[in-house]
Every structure is written in structure tokens, then in C-alpha cells.
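Scrolling down, you'll hit the structures one after another.
The same chain A turns up in both complexes below, where it pairs with chain B and then with chain C.
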Partner chain A sequence: MLPAAIFSVAMVAYPVIRTVWLSVHNGNLARPRQMNDFVGLQHYQRLLGDGNFWHALLVMVIYAAAVTAIAYGIGLAAALLLERRSAFTRISRTLLTLPWAVPGVVAGFVYVWMFDASFGVTNFLMRRLGLIDQPVLWLLKSTPAFVVVILAAIWKTVPFNMLTHLAGLQAVPEELREAARVDGATSWQEFRHIVWPALGNVRVVSILITTLHSFREFGQIYVLTGGGPARATETLSVQIYTESFGYFRFGYASAIGIVLLIASLIFTVATVRTQKTSFF
Partner chain B sequence: MRPIRSFVVTVGLSLMLTLSASAIAQEQITLRFPSWQWGQPGYDEFFTAAIAEFEAAHPGVRIEKIPVASADYADSLTRMFAAGDPPEILQYLSQLYYLAVEADWLEELDDRLATTDIQATWAPYLWDAGNQYGHTFGIWVSGSPIALMYNRDMFEEAGVAVPTNKEEFLEAARALTVRDPDGTVTQFGFALTTKMDNNANIYGLKNFVIGLGGNWGTPAGEIDVMNPANREAIELEKALIDENLVPHGADRVQARKIFWEGHAAMIIEGPWVMTSVRSENPSLLPSIGVALMPFPHQTAGTSNGFAIARDAKHKDLAWEFLNMITSQEWMERYGELAGVTPARQGALTAAALGNGPWLQVFADVESTGLNYFIPGFEAAQNEIDKGVIDALAEVFYGAKPVDSALAEIQALMERLRE
Partner chain C sequence: MTRHTAAGTLAGARPRSRPRVRSRDVWRLLRFLAILLLLVASLFPIYWMLNTAITPSNDLLRYPPRLIPTQQDWSAFTSVFRDTSFPVWLANSTLMTMSSVAVALVVSTFAAYSLSRFKSKFSSIIAYVLLATRMIPGTVLLVPLYMIFRDWGLLDTKMALIIAYTTFEIPFATWMLKGYFDSIPPELEQAAEVDGATPLGAFLRVSLPLTGPGIAASAIASAILAWGDYEFARGLLSSQSNWPLTIGIHSFIGEHVVHWNEIMASSLMGTLPVVVIFLAAERFIVAGLTAGAVKS
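Moving on, here comes the complex of A and B:
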């Protein structure tokens, strides 16, 4: 037990403690003589008045909500469609799981090229299909760039949701579903009254992990848009990176990180409390 | 007893292996050399040759090449410094240099430089750029003279003269942009960096701003955002973008590639583009002409330089390497291989000019070119560039008024001054 405990403390607790420490000290690498000065809650006070912070928080919330809702929906639908075992469903499940195996940064680069305004395949196909006359400036305008960032995240996240629900569906008592069908229930009624409630805990886990992942997503967003254009896709994670490595303000970045951590904890507690101990 | 004996044997073997590896490592000294120029034509050949000669003269010393993408270079070095493990051979980009000085990362080189002829022989503006707070912290090995490179064949085919002012430049870009019947651009009039994500991609606008006589601050360090020349530069870029005369969303690498692949008629960049053309598309080289930027002013800043980190290991060896590559012999080879104007005056050889006659234009630019850095704001350049690109993204690709963007940049500069 002791080695495991030491490992947990070293790998988890120390970075958090260090970040809290940095958040109450100057932490500006470009001011080495003041870097370790204690500043109390100065960074947190600055956060409250920083429009860029609130904007990044809003972007993060919208991004997480959109990715979670859509990836969850598609993942659930895919799980229901591919529930029955056959050669087709086995192949389909494998193909749908592949995005999960692709590193986020690699996926980001692929999407950058797919949605390139001048040479991207998306504009090429849309023009060929007559859907557009002029190329769409996907990553150069705020709204389209945000859509692409969300799309790329959904593509990466659907496999996780599909797999968790496939596992959850295995745990739904088959006799209940058969009994419902024998009693004349439609597929929709079977889903609504048996399957959906039975997947309650899987749903909680799925939403929780997808949302937390969205909160901390950095690599894919940074490769796609760098948080631009005009901060349209700058989440708190991207802002933390910019403040740290762009401006050397590690203290302020740490304060943002602590706020993100607290937000994640609150969300986790609130979500876990909705878990039930039984199906119904 | 058996588990304990197994444990002891395992630990003992591990210790022996670790100590052996450590002993082997101690016999050889490794100097780490991260650079964004590994793999770049000309630069790679120069530094590879320098490393070979240095290693031959220093048995037991090895220089390790560490390629880093240019957009990630500043971040990578920051991580190394923050971890207390800076590289031994420290090459820096302009923005990072000033931050590194502020962060007290760099060793003062005054005593070491006093034993050389560098101060007496260096291009004055590059020597001065390495001096802060009365000390020299860095040696710039080349500047960043900027010029207009153009495809002569495209100009002749279109019947367009090489532009000499802003109006002619815009007209030339219009005349040289070729479209398919369905409106797809197959030849851009101008290869401009238009990606709005990263402060490194503000490069194109910077050249317009300086060329037209603007900047966000004056050489005396006063804020000057409302200078009419800044608005003029922004409006020039907006016209190029609105009329689809430039590739949309291109970063610096893509813009250069579009030019050297023969898909753009003009580009405003440094001499390294010619080296890239020679390497990537040599058949295009005879068609490329070089002229001054078609603006009242020219720009020539710092490009890349070297320093020694305070906390680096093997500083003396690092200095020996720097001393070697900044010598007359190696600066001449730098000009010949990398195809740039070396910082050491008189090191631009006839052979270099023979290989690249365009270098004379760049050398001329260096004597009059203006720097983009604003005195007193150098260390904040990253934040200024990011703020500028964030403020202007929706001007170039939206309906945001220029006045609104200028007001944001003004507010940023005032906050940074505080």
C-alpha cells in the first residue's frame, strides 16, 4: 500500500500543491527577482476583472456542452444500432473506434488540412456538390472555426461514448426487454421505459468523463486554431498555455488552472450525485 | 528467503547497469543544439559542417542536433529553461532573446567577447541588438533583411512592371492573380501569411507596417498605434484578402511553399526563401527576381543568434563552438551555404554573391532597414503580436472596423507600458 500511496502523492498531489503555491506567488518568469514573492489573492482578483478569462470560460462551457451532448447522442445511437453481434457490426464497431486511437494533435493537423480555405477537401467537395460558390473560410472566421473545433472533438469522443454504452447495454436484463416485446411494446417504448433508465449510471460516467476531457482539451484545439481567430476558440486550457509559455506569467496561469480545477470538481460532485444504486 | 534474494539480485543488477551507463556517458560530453533550422536548406548544411569540424577537433565531445518546429521553438526553450536544464548550444529567435534577458537566463559575454574581434567587425545594428543594460548577452549571426521576391515569367506574361510603390503593388497583385472559369484561384498575386491563430503569423502585416512608415511605437519607445501608416498597412492587407489575391489561412511555411512551387507571383520575405527555392524547386530559380519592398521604407531586424545560458553545462565548450562559427572563415561559409548576409562585415564573399546575386539587394537593405521591435517593449513582443492578431482577425475576416481594432491595440500597449 505504501508504495502506491507515495506514488499517488507524488504524481497527483504534488503538482496540485505546486500549482496552488504558484497561484499565490508572483510566478512571472520574466521577473526572476520577484518570481517567488507572495502576492496572496492578487491573481484571483485580476481574474475577476479580466474579460479574456470570462470569455475563455464561456467558450469552454459552450464547447464542453456541445461536444458532450452531440458525442453522447451519436455514441448512444451507434451502440443501439451495433448492439447485435454480426460480422457487419463487428467491422463497424472497429471502424468507429479508430478515431479514439488517433492522437489529438494528429487529428488536429488532419482537420486543419481538411478545412483549409484554399486547398481543403471540404471546400473542394462542397463546391463540386454545388453547395457553395465561394470557399468557406472555416478556420479564419470565429463561428466556423468554433464549429470545426467542436466537430473534431466529437469525432474523437464518439468512440468512447459508443463503447461505454455497448458495455452498458450488455448489462440490461434481456428478459425484461423480451417481456416488453411479448407484451407488445414498440422499440421506442422498450428504449424509453427499459433501456434508457437502465443506462442511467453509464450515462453519468459517460457525460462526466466526456465533459472533464473537454474542459482540459488543449492539443487538438491549439493545433487547429491556436485559440483564434480573435480568441473565438480559446478555452481556459489554451489560455493557461498562452499565459505560461507566451507571456511567462506562470503565477496567473496557475490561478486560472486552480479555477478550472475547482470547476471540474464541482461538476464531478454534482454529476456523481445523480448516480442511482439500481436501474429504476 | 527466495523473494528477498531475488529482490537483492535485481537491485544489484540494476545498480550495476546504471553505474555502467553513467560511466560511459561521462566519457563522452554531449552538447545539445536545438534549432528550428535543422532540415532547412543551407542552414542545415552549414551547421552540420561546423559540427563535424568541431567534433573532429574535440574528441569525446558530441553535438546533438535537436530539430524543433519554428512555431514551437520559443515554447520548447521556455520549457527547458523552466526545468533548469537549458541547452548548451543556445540559438534563439528574436522574441525569445529579449524575454530571456529579462528572465536573467543568459550569461554576459563581455569578457569572452573582449578576446575576439567581433565588436570591431560586426554589422553595427546587429552588435547593438545583442546589448542590453550595458552588457552583451547574445551574438546575432545574421539579420533579417526583407525584400520583394517576384516571378519574372509571371510578370512578363501579364505585362506588369515590378512595383515600386503601394499602389503599383496592389495593382500588380490584382493583375497577377489568375482564376479558373469557376473562380478558383490557380495563381496568387501575392503569398501572404494570413493564418490568424499564432502571433508568428503576423509576419506579413509587420512588413507592411514598417514599410509604410508605421509601427505600434516609435524608435524612442512612445506608443504610436494611431499613426496613419498603421491604418494604411491594415487596409492594404484587407484589400489583398478581400479581393482573394492571397491564399487564405496560410502560415509562413505555407506562404513560402506556395511561392517556391510557382503558385504565387510575389512574396515579401528574407533571403532564406531564395535558398529554399534553390533547394526545393531549382528550375524556378532563374525566374525569380529580387527588388526592394515597394514602400517608402525597408525593414531589417534581427534573425537568429546565439547565447550561453547561465545554468548551462560545458559553457567553455559552447563558447568555443560559438567562437568558431563567428570567425571570418565560418561566417564566409555561412553566407555561401545558408545564402544569407552574414553579420560579420566583409564576410559576404564573391562566391556567395555568385551563388546568389540577389544577396546584394539584401545587403543594401541591411544598411537602411528599420527594426520592428519597439524600445522598452521588446520583452512583451509576443503579447503585442498576439494582441494585434486577435484585434485584427475580425477586421481581415469579418466586418470589424479598423478603428475598433486600433483602439484595442492602443489599450494593450498602454497596459503593457504600465
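Moving on, here comes the complex of A and C:
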């Protein structure tokens, strides 16, 4: 059985090692003769000076922050609303989980259609409700496209936050909340002083997982915008794809990938450190 | 409210002439409306998928769009099956998902068991490493895999995708299953061994059946990951006959002509298996994925 465990780790380790190797070699598949030349830290130096890299990093950070924060708020609210067990809340809970089950690219297809500038239902509804006069060119302009990408991600992320916080709420000792209520605490005080701190562990895990997931996201963003318009929605993950399969610069793409991995690691360690309990 | 007077508690109390709305009921109404709002926001895109799928072709680009499908045309579902490569893509997705999950499960079960039982100072590091694999973006993993498959001549084959899927399913399933095995007390196996079973026998006959739900949850979570993959398929395949559903349906969004009813119909059909499995196994998946979040 030990070989299986080793195999399991090797499945991950080998591609990562190969990526590191690629990042210090030429790796340009369009130039096969120079492809395996050792280039040292050349790719890394290049990306530090590459405006596109920093832009993609910024896009990724804003995207991850917006999706994580908003989906967290809505997910927590949903959990609090559905806390009490009844037939209605049980059905609502199942229905609200559906966006999570929908494959990411399918969500992308629906949102492309809903946010079509001419025939999409979003512009239609917004006009009907008097919110806009002219149709918004959603996926055709930088900022609206970014908004759509974030919205689609929030839609798919809320269920996970809701589920983890429902589980977390169940773990809050009921006696503590009762005691607070008996002592005259308002709902808000009960929430702020008992429920919110007790959800600390769940909060960290939720934020960690949704942020890392945002760093990794590719398919949903790609079918929505392809990274555009004009790289407006190109996160690092998307850029890695366009560098490798668009420009065949596998070495450079690997370097970006390693940077992203290290950034994810740092973020994970920093987030886990904020909680005093360990995870294993 | 009772009025207390010097003459006694109830003396002077007036019967109420109209019922007072209690603030508790107002809160209940607001809660209900909030839940309703959430439901509408969450389900509207799915509803819109269905609405579009059954809209007649010449009504698709109509403005204003019909919010409720007064005319229903279900032919998009059959035309997708008949006139496109959808059946091929469906078969591909099914084959690649099921094969990779089957292999991944076997390896992961043994791996998770050994990590759980043979504890050393390494096992918690390894657990962290396995979890860390969830950090690796698909596009990053794609790069070395592409090179490897290129060397092995496996580009544009379904086998390449099956291997690629197991690459990320195994660490994920191992991590999930380790959690489950950790929750089974080793005393049960020790008792079986005292009765004469071999360690392997104890594993197969005692621990394995107990982790049934865990295995199911890991299998389903892994299947959902593979079924929805886009980047690996896009990077490793070129022939249309090898495409899974994700790439295939995306190809319907052409440069000039876009048949949204067919896209939505095929999307619904591609989503249905996942949703059905998900709903059937919801409890297990939720328990498995939130087990790490809540310390019991």
C-alpha cells in the first residue's frame, strides 16, 4: 500500500519538477533546436519587466478579492437565513446548491448569452426596470466584461460558502447562544460576540479555498471573454495558457506558473497561520 | 401588555380593539423575501437555459425576448443529437470521466489507507502536499503534461486525457479518503487481526465497507472535476472526434452563426448527469467537503 501513497505524491511532484525545469530552459516549442537550452533565470527576469504579467497579476488579485469577499457575504447571509430547519429551508438549500453543480464552462455559455449586448436578457430587464437607457456593451468593453466574469464566479461560489457555513453554524454550541439570549443580548450582539468568532475556522477554510480556486480558474473565464477584451480579464492562469498554447513559449509560461504557485503557497500559509488550531 | 394599577393587575385593562403586528412576524416576512431573492438570483440562469433551449429558432434573436416560453419548441434537443457530433462528445466525456475515476479511486483508496494507518512524521506533511495540489492551476499542470504526452506520442488521444485527469484526481481523492480513514478507529482492524485476518484482509473486509460513503463522495467529487474540465481537453486534443462535451458545446459558439437554442439544449443535457448525481449524493459530498472545515 505504501507504493500507492508514493505514487500518489509522485503524480503531483513530477509535473511540478518538470515545470521548474522548463522555467529555466528555453522551452520555446516554435524553436525546436533551442528548446532545451538552459537559460537560467532569464524568463523570471523577463516577467518582472513585462507589463502584461503585472497587469494579469492585478486582474487576478482584484478578481479573487471581489469574488471571495462578495460570495462570502452572500454565502454567510444565505446560511443564516436557512439555519432554521423546515421543509422550506431544506428545499431552498438544495435549490441554492444547483449553481455549484453546473459545470463552469456551461455557466460561461449561459452568461455569454444573458449578457449579449443586443439580444441578452440582462439588458432587456435593466431597460424595463429603468436602470439604463442604452444597452450596455457587456462583454465588448473592459470594465463591464470584468464585471460579468466576476458575477459568473460569484454565482458559482456562493453555494460552497453557504454549505460550509451551515455546517459551521451547527457546530456553534446552542447553550452559549441560549445563555446570551437569556441575558438579554440582541440578535446582532449574539451574532457579533458568539456566532461570528465561532465561525472562525470555517471562515478561513472558505476564504482559502475560494481564493485559491479563483487563482486557478480558466475554463469559465476563457469561454466568457477569452481573456479580453484587450487582456482586461486575463488572469495569470489565463495568461499561462495563452503564453503556452498561443505563443508556444512553454518556458516562459512555466516561469509564470511557478510564480503563481509560490504566490498561492504564501497566501495559504499566511491564511492558515491566522488560526491557532492546525488542520491535521 | 397588562396595566398594573393600585386596584389590581387587571383592573382598568382595556380589551385591544385591533391586533398588533409583532416585529417578529415582520422579520419572518423579510427573511422569506430574502430567501426568495436568493432563489431567483441563483435559479434564473438555469431557468433561462431551459427557456432558451425550447424557444423556436426564429424567435431566438427576437427583441424583446420572451420571459415565459409561450411557444415551446423541443426540437433543439433532438437536432443536437441527430445533426451534430454531440453523441460522440457525450460518449467521450463519459468514457474519460469514468475511466479516470475508476483508476484514481483504486490508487487513492490504498494510498489514503496507508497514509492514515502508517503514521509517521511524514504523513501529515504528505497530507499538506496533497492538499497543496489543489493549488496548482490546471493551466500550469497542462504545460509539463503536454510535453510528456508529446514525448510519448499521446497527443490528441483520449488516453492522454484519462491520464491527465487521474493526475489531479488521485491527490484530491487521497486527501479526501485519508480524512475518512482517519475517522475509523484502528481497533476494529486490530480486532479482526486478532481473529486471524491478515492486514490486507482486515482492510478489505472491515475498513473498506465502512468508508463506503467516503469512497462514493470522493468518486463523485472527482467525476465532477473531470466532467467539467476544459483546459486539459483544449490543450491536449485537436480532433473533433476526441472532444469532450465542454469543448464540443463551446464549438457551437461560432464566428457568424450561433444557435443559442442548441447551445442551451446541449448544455442542459451535459449538465443533467452531474446535477442528478449531485442531488442524489448531496449529503455525502457536503459531508466530505465540509469535514475539513468544521472541527468536530
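As a convention for this text, the second predicted complex is superposed on the first by the 274 of 280 C-alpha atoms of A that agree within 3 Å, B and C clash if a C-alpha of one lies under 4 Å from a C-alpha of the other, contacts with A are read in each partner's own complex, and residues count from 1 in each chain.
FYI, contacts are C-beta pairs under 8 Å (C-beta built on N, C-alpha and C of every residue); 3 or more make two chains touch, one makes a residue touch a chain.
All of these numbers come straight from a predicted model, not from anything done at the bench.
Novice: Once chain A from each complex is brought into register, does chain C clash with chain B or fit beside it?
Specialist: Result for chain B and chain C: clash.
Novice: Decide which partner touches more residues of chain A, taking chain B and chain C as the two options.
Specialist: The partner that reaches more residues of chain A in the superposed model: C.
Novice: State whether A:Leu140 touches chain B only (first), chain C only (second), both chains, or neither.
Specialist: first
Novice: Report for A:Ala270: first if it touches chain B alone, second if chain C alone, otherwise both or neither.
Specialist: Neither partner.
Novice: Tell me which partner A:Ile132 touches in the superposition: chain B (first), chain C (second), both or neither.
Specialist: neither
Novice: Report for A:Ala78: first if it touches chain B alone, second if chain C alone, otherwise both or neither.
Specialist: Only chain C is touched by A:Ala78; chain B is not.
Novice: Just to be sure I read the superposition right, which of the two partners does A:Ile262 touch: chain B = first, chain C = second, or both, or neither?
Specialist: After superposing on A, A:Ile262 lies clear of both chain B and chain C.
Novice: May I ask you to decide whether A:Val238 touches chain B, chain C, both, or neither, giving the answer as first, second, both or neither?
Specialist: Second partner only.
Novice: Quick one: is A:Ser118 in contact with chain B, with chain C, with both, or with neither? Answer first, second, both or neither.
Specialist: both
Novice: Using the superposition described at the top, list the residues of chain A that contact chain B and also contact chain C.
Specialist: 118-119, 245, 250
Novice: Please give the residue numbers of chain B that touch chain A in the complex, ascending.
Specialist: Residues 74-75, 78-79, 81-82, 99, 102-104, 182-185, 194-199, 247-250, 379-380, 382-383, 386, 389-391, 393-394, 396-398 of chain B touch chain A in their complex.
Novice: Could you please specify the touching residues of chain A with respect to chain C in the complex?
Specialist: Touching chain C: residues 1-2, 4-5, 7-9, 11-12, 14-16, 18-19, 22, 74, 77-78, 81-82, 88-89, 92, 94-107, 109-114, 118-119, 121, 124, 128, 155, 158-160, 163-164, 167-168, 170-171, 201-202, 205-206, 209, 212, 215-216, 218-219, 222-223, 236-238, 240-241, 244-245, 250, 253-254, 257, 260-261, 264-265, 268, 277, 279-280 of chain A.
Novice: Contact residues on chain C for chain A in the complex?
Specialist: 31, 34-35, 38-39, 41-43, 45-46, 48-49, 52, 60-65, 67, 107-108, 110-115, 118, 124, 126-130, 132-148, 166-167, 170-171, 174, 224, 227-231, 234-235, 246, 249-250, 253, 260, 263-264, 267, 270-271, 274-275, 278-279, 282, 286, 289-290, 292-296
Novice: Please output the residues of chain A touching chain B within their complex, sorted ascending.
Specialist: 29-33, 116-119, 127, 133-135, 137-142, 225-231, 242, 245-248, 250
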